[in-house]
Amino acid sequence: MLNGLFDPATVFIYLPRLLSKLPVTLLIVVTATLLGAAGGMLLALVRLFRTPVLNQAAVVYISFMRGTPIVVQLFLVFYGVPWLLDHVGIDINRWDKLFFVILTYTLNTAAFKAEVFRAALQSVPSGQAEAAYAVGLTRLQCFRRIIAPQALLIALPSLGTGLAALLQDTSLAYTLGIIDVMGQVHAIASGTNRMLEGYVGAAIIFLTLSVALEKGFGRIEANLLIKRHH
Amino acid sequence: MIEIRDIHKTFGHNLVLKGVDLKVDKGEVVVIVGPSGSGKTTLLRCINFLERADAGEISIGDTHVAFRQATARQVSTIRKQTAMVFQNYNLFNNMTALGNVMEGLVTARKVPKKEAEAVSRAVLDQVGLADKCDAYPSQLSGGQQQRVGIARALALNPEVILFDEPTSALDPELVGEVLSVMKAVARKHITMVVVTHEMSFALEIASRVIFMDGGVVVEEGAPQEIFLRPKEERTRQFLRRILPETDYTI
Amino acid sequence: MGFDISFFLVALREAIKYTPVTLFLALSALLVGIVVGLGLAVARVFQLRVLATLSRVYVVLIKGIPLVIILLLLYMTMTRMFDDIAKALHLTVRSKDIDLVWVAALALSLWSIANIAELLRGALLSVGKGQYEAAYSVGLSRRQTLFRIILPQAVPVSLPMLCNTLIGLIKWSSIAFVISCVDLLNGALIAATDNYRFLEAYVAAALVYWGLNLSVEQMSHQLEKRLTRYRKEAIH
């Protein structure tokens, strides 16, 4: 009975083929992380400086992104962005689906990072900025040389969990038809009765990545803390 | 009466207690002094089983146990005969002053609520906090919190109350109120073991002073003997360092 | 192709109609998560050997494997294995008779147990060591210490995080649509299968999810205020 149910050998046959699509998953994660971090920093500054109108817009945007499921966001972007752009005469209906996927994860990441950055920037004591101005640094210099490095250290654990969460979230990109690791499971196994083995293979890949990520971030954090104390 | 024989305790590679004997008679006030790291706090914590000593025996009342072999039941019996006053007060943050004092009676000893409340109100009155029964710890000053801590210990009517540096976390101006409560407790012939740096308290109240250093008892005796005619060089060194500060208060 | 307001309203109505399914999924998983997660958290804080290790491995597994994979794995084994087992036991029930809501609820519960175990562990540890020691010193047992002293202080600390978990569960419950379980999202989508107006359906679903999560957030603020009464401003 169990033989027909699950065949461990198939998992190992599948693994290399799933791994061949890992670059797609990683591309989504890395691009969304970098662009999302930039967007998040922008949003955080808008919130911190209480820029009129933009601040309120940022609050609503962040709340929406944090309050709705990522699957829904994927399809909202997929259907909604071409529809919006159509109104200004731009036709992007034929663009690659990967574009919409990366855009969604970027928009989502920006919202989450905005809150992380804001909290981190706020937690740097105001005496630090005062001291920087006192020795003659400009506002930008003060931010770049004094505030940002300290805030980054504070934000690091949250950035780590954010990255892990993003990796998990990408497992849903296949619902839009992207052939990443999860998409590949469906591409090679759907129609056969070996889907289960495909999912187990994907689970192994995700699990390995997320454990590695956690270890990596733990090490970076430890290193930075040591540097600071010596 | 409480008796401890040959207690040893190691943290990692650090020998903190290297065979200490301690005997305290009923109604005695024993003050333990010594430099930090001398093992005095660890000694108190071992008596209350907040740390598990590696070797040695303890008898309190009718209970005799070896530290290492003590069962959960024996630990509980010993804890019921001892009470502890902590350096950081450690009042239960989620309970009022009255709740703090009642907790051990009602939950651990199953004293009926009414009776426990009467006892608790009485001891809170004794430490001068009758009007603070319904205050939460966050609403009390450090001195008041520590007085509640003492009331919490008193209410249990234990064989011995252990004081672990009860005034060292307090602002200087609040030390006096706690010390005077402790003096009042001492005058009622309640057995006390006190770890403190307040030499004036030791001189005035202690029946016996024990000087510890490096995990052993270096010297013990009446307070006047220890402070005015110390026999050991290590005691003299310690006193030279600590007494100039306290000269004014003696 | 414009935005069809009237169809949007139809989809909105469908989404709201199936909201109880979403709430059932999220709340049942929250409840299971609190009960089992508390057990695992206590096991780790009090260092109960086997259970503590088990709990650690469990958390790593669940946090490392995407929820959608867990859901699909459960779904596949359910549909494949269930019938075999049922046949062997001579039961007449078959996997197709089982409401898929239960499969989704199970997957969400597995996820919520791991999350809640971690956050409760943090909350239990956030209550200082001194509170444990003071409780032991007045003669309380470990169980009494946990229930009378530690939990009353840890619960208010963990409440905002538990509300976050609930928000996470409400959002993640949307993946039930991959196994065709009819919830808030799928309700709205089914309405759109005839006219392909998916944008309207997704907007409707998004608004309902958003509304739900905003109310949870509000509730969280109210609860927090009420439960931290003992931490009033200090009056010296």
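Letters A, B and C mark the chains as written, and numbering starts fresh at 1 in each.
Throughout what follows, a residue touches a chain if its C-beta (ideal position, glycine included) is under 8 Å from a C-beta of that chain, and two chains touch if they have at least 3 such contacts.
Please read these numbers as outputs of a predicted model, since none were measured by experiment.
> Counting one step per pair of touching chains, how far is chain B from chain A at the shortest?
Contact-graph shortest path, chain A to chain B, evaluates to 2.
> When you take the mean of every protein CA atom shown, which chain's own CA mean is nearest to it?
The most central chain here turns out to be C.
> Name whichever of A-C and B-C has more C-beta pairs touching across its two chains.
Looking at contacts between chains, A-C has the larger number.
> Please report how many Å separate the Cα centroid of chain A from that of chain B, as a whole number.
Computed value for the inter-centroid distance: 54 Å.
> Using CA atom averages as chain centres, what separation in Å is found between chain B and chain C?
47
> Could you put a whole-Å number on the gap between the CA centroids of chain A and chain C?
Each chain's C-alpha centroid was found; their separation is 22 Å.
> Would you give the residues of chain A that are in contact with at least 2 other chains, written as numbers and ranges?
none
> Chain B touches which residues of chain C in the complex?
Interface residues on the chain C side: 128, 130-131, 133-141, 144, 148-149, 152-153, 230-236.
> Can you list the chain A residues touching chain C in their complex?
Chain A residues touching chain C: 1, 5, 63-64, 66-73, 75-76, 79-80, 83, 164, 168-169, 171-172, 175, 182, 195-196, 199-200, 202-203, 206-211.
> Mind listing the chain C positions that touch chain A in their complex?
Going through chain C, the ones touching chain A are 1, 3, 60-61, 63-70, 72-73, 76-77, 80-81, 84, 88, 167, 171-172, 174-175, 177-178, 185, 198-199, 202-203, 205-206, 209-210, 213-214.
> Which of the residues in chain B end up touching chain C in this complex?
Residues in contact with chain C: 48-50, 76, 79-80, 82-84, 86, 88, 90-95, 103-104, 107-109, 136, 138-141, 152, 156.
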